[in-house]
């Protein structure tokens, strides 16, 4: 048999296996991030937080998740039924599929593409479509307002988000996440080179996934639950999962791009070989990722929410010029010093 | 060919009630489960799954963020640092009725509010429960004589747990919600029977007292 | 600080009477009123911290404007506007309470309104904040304010048809509705059977008031 | 027919077909002409299933190009209870707003006319349920005026003490609600910690946690006790820390300032014209405080100034509350220092029958001028009992403040006005 054919069949099989595995992984990820949020916010608010289900209430978010799945699934009378049904899938798949390109450890990446960065932004941008059509199809004015807010917000913040990454791409000369991490092994973490790019990315990422202080989309004191207002049961569960998975993914990408991915910080050996190296990389990757998850939750417990026009003004008047200047300076430095 | 005697026509077919005489029931701790009678190995799994679902529901009761009057402040106090119902998994007060499990009717229900409240109840997905918090919602309370107050919320919608008090202390509401958890585990709530009948969506505006 | 006194066990002097005479400080206001509003104000009466006048219905807007705009009066703040029902066969009364930083007393202005034809001019042209007061009076008493551009029911639903705070609107267990009068509310179907409640509006127009 | 009441029985109208009063806006004709339709509280936007009755209603419910009506409430997370706002928006910009009230109308005034003077004090408790002590204070003063007695001095001091304690937690919670409506999750919980300490303290003296029923005609129900004083001392030791914790997370927050500064500016003239009172009025620069203007209770013996802020925006209203909160703590110190010995209750009979007369009493509640107008006909219950609630009147400013702002700002502005629907709807 043609070895090229065998290889391609194997590749497809590998891709399918990896996809399935990652899809399955999203559920525990959502549960862990959700549990962290429940517990950390509770501690910051001088409460105990959930402590009845499991040891120290560890399974509370899982219980919430399963409960949502077991609830009745209602569709409003005048909803656009197919779109209303598909929208949660769109949002969830956008979050889950973008997990494919994250290198968790050396060699441990589902889809080591040469254009991983482009793939990531193409996929994560799909969630805006899901939010928008969810708002439209619900036949509810709050949902419509939320959907439009989400569209405006995400489209605006895609631009500084992407531009802040172009700095890293110019610096490393590659679009593959794995190669970006390997570049950081030689040159040090990219955050040292991108002191302006990192905060831009962090702010824009928070806005992209609707975290406080940019949670305009589901601002429950204004527009009841935004695009999710009419969603119940399993379909709401998908939004609920997607929100936490997206938080994890954004923090993972942040770590990969700016904080050396699986690389250990200075006093420790940066990376090991063999199977031990994989485990070692995984540990550091998750440590750094959950550190940023913690920071996002901390911000949520502290800050109020900005207004729509302030949000857009910040994107277009502050973040975009800054990102352009950052890109310009980075390119000039790369050109002059032939990095 | 073996001859079997068919049952007589007038003899009622009795389905043995397994409660009490099935040894498996005790093993699973389900003696008191009303639907817990299972008669063979095949029914173990669905029944057991039902019980697990009940446990899950009981430990994740999201209240609807809907306060009517004075009791709403004590309801919020129940969720805050001193009396923390997040411990029981009841914290995320959902703003949208589509994602809520428990409707805590906290405060006096007036005739003008009765229609919207019944509608809220109808918008909540099954399974759902209702807690009447405060004397006004259980019976009309100190406003029983008023021309615009519904004399107890159970006149317009089913109620699972009544928490009297004017207003009840947060501990009282927590006790009521723990009673609701027991009720959920034993499947004694209103929602099963209510679901068959469907909500009564007539207009109450100005008519109910 | 630890002194404990059970209610009602104190010496008799505790229930001491209040001073009944008007404070001397009210004097200037009384003189001003009899000076400048002599043609409108009547039945002047003083309380320990209130001066009260009665103004005919057709002069109320002008009088209130004088009270508000005259620099010596300076009653710039409308503290309250309420309606009182003096029963069937009598009259309604609209009562305005005004505050001035020049006078140490409240000023109460009473306006009689015919009970059969309860119409009185609005004062929203003077204080826009009287809008909710007047809507409430319309809702509760049925007094119509001429010139008010938003006279809707504010508390009861728009299709409600009686005026609950009138004295001839009786609460359910009032005398006319009591068991002694032959009415047994608990045995009436409509108090417990919701399906028979649709014709409650019919009961509302019965002489006993709303059921 | 045996009547158990002293009131004259109503005369039935001559012709039951005729309405009792002429109805100039033809409500009766509407009700009979059109068949009654399904009327759910919030399904009727737009249009109402009845013709608009007034000019203003026509104005609100007529939609221009690109406008839509958004209905908020009666069940909405941030309408502070069961208020309903019909908001006309173009995109996210609010064009007009129409508050619809009455979802909590319990007919307290009518019930009070049937109650004895002592039980009236229990009926008014749930009105403005965040400041139940103030609700009882004004009727107590009014009934004492009617009955012609004064409360003992120690009772007056205890009244001032509990009333100021009530003001502290009410203003503290307002900070939390404002933060919650802007999106901050935590300040409301810190506010509730303070509130729980205070209400437990007040429960120690009155026996109830929220609707205290503490005032009596001619005094208060109980004297101070050891538990109350202990709790007061412990609370006083750390209350400023608690307030400061909340201030750190909120007042110095850049997002919070950007959300509140310059939002919903209410000028002094507008505020007076609309009858706004209390902190909302003082935040517009008008130094009108009933405690100074018409000193009641013992306020002329205490040293304090009327605090004002000139700006009149949401931030000024917030800062006004914090300043008054600290002022109340200062007043509590003075009251505890000056508290005299003596009885706490005048000798009054169980059922009070004042001579016929009228009395008006106004106090400064956390939301503004709360006043009571009581008329006695010599019977055991008031002939007419009228309450003027400040938040009811304050709600009128919303159609003036909101237009031009975004939907998100409506919530912030409304929270800064601090309405309590129990008081609004009575």
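As written, the chain order gives the labels A, B, C and D, with residue 1 at the start of each chain.
Assume a contact is a pair of C-beta atoms (placed from the backbone, for glycine too) under 8 Å apart; a residue touches a chain by one contact, two chains touch by 3 or more.
Given the structure is predicted, the values throughout are model-derived calculations rather than measurements.
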item	value
Touching subunit B and also subunit D, the following chains	A, C
Touching subunit A and also subunit D, the following chains	B
Chain pair with more C-beta contacts, C-D versus A-B	C-D
Distance from the mean Cα position of subunit B to that of subunit A, given in whole angstrom	38
Whole-Å gap separating subunit C and subunit D, where each centre is the average of the chain's CA atoms	18
Computed distance of Cα centres, subunit C from subunit A, in Å	61
Interchain centroid distance [CA atoms averaged], subunit B/subunit C, Å	45
Multi-partner residues of subunit A (at least 2 other chains)	45-47, 220-221, 224
Residues of subunit D touching at least two other chains	39, 76-77, 102, 105, 107, 110-111, 114, 189-190, 193, 425
Residue list for subunit B, restricted to those that touch at least two other chains	65, 80-81, 95, 112, 145-148, 205-206
Touching pairs - complete list by chain label	A-B, A-D, B-C, B-D, C-D
In the complex, subunit C residues that touch subunit B	155-157, 159-160, 164, 169, 171-173, 191, 194, 197-198, 200-201, 210-211
In the complex with subunit C, residue positions of subunit D that touch it	1-5, 7-13, 16, 21-22, 24-25, 27-28, 30-31, 36, 39, 48, 50, 53-57, 101-102, 105, 107, 109-111, 114, 144-145, 148-150, 152, 154, 216, 218-219, 221-226, 229, 272-277, 288, 293-294, 339, 341-348, 358-360, 362, 369, 371, 373, 375, 384, 386, 388, 392-393, 395-396, 425-426
Subunit B partner contacts - residues on subunit A that touch it in the complex	38, 42, 45-53, 57, 60, 63-64, 66-68, 70-74, 220-221, 224-225, 228-233, 236
For the subunit D and subunit A complex, residues of the former touching the latter	68, 70-71, 76-78, 92, 179-186, 189-190, 193, 249-250, 253, 255-256, 258-259, 406-409, 411
Subunit A residues touching subunit D - in the complex, by the definition given at the top	41, 44-47, 141-142, 145, 149, 212-213, 215-216, 219-224, 300-310
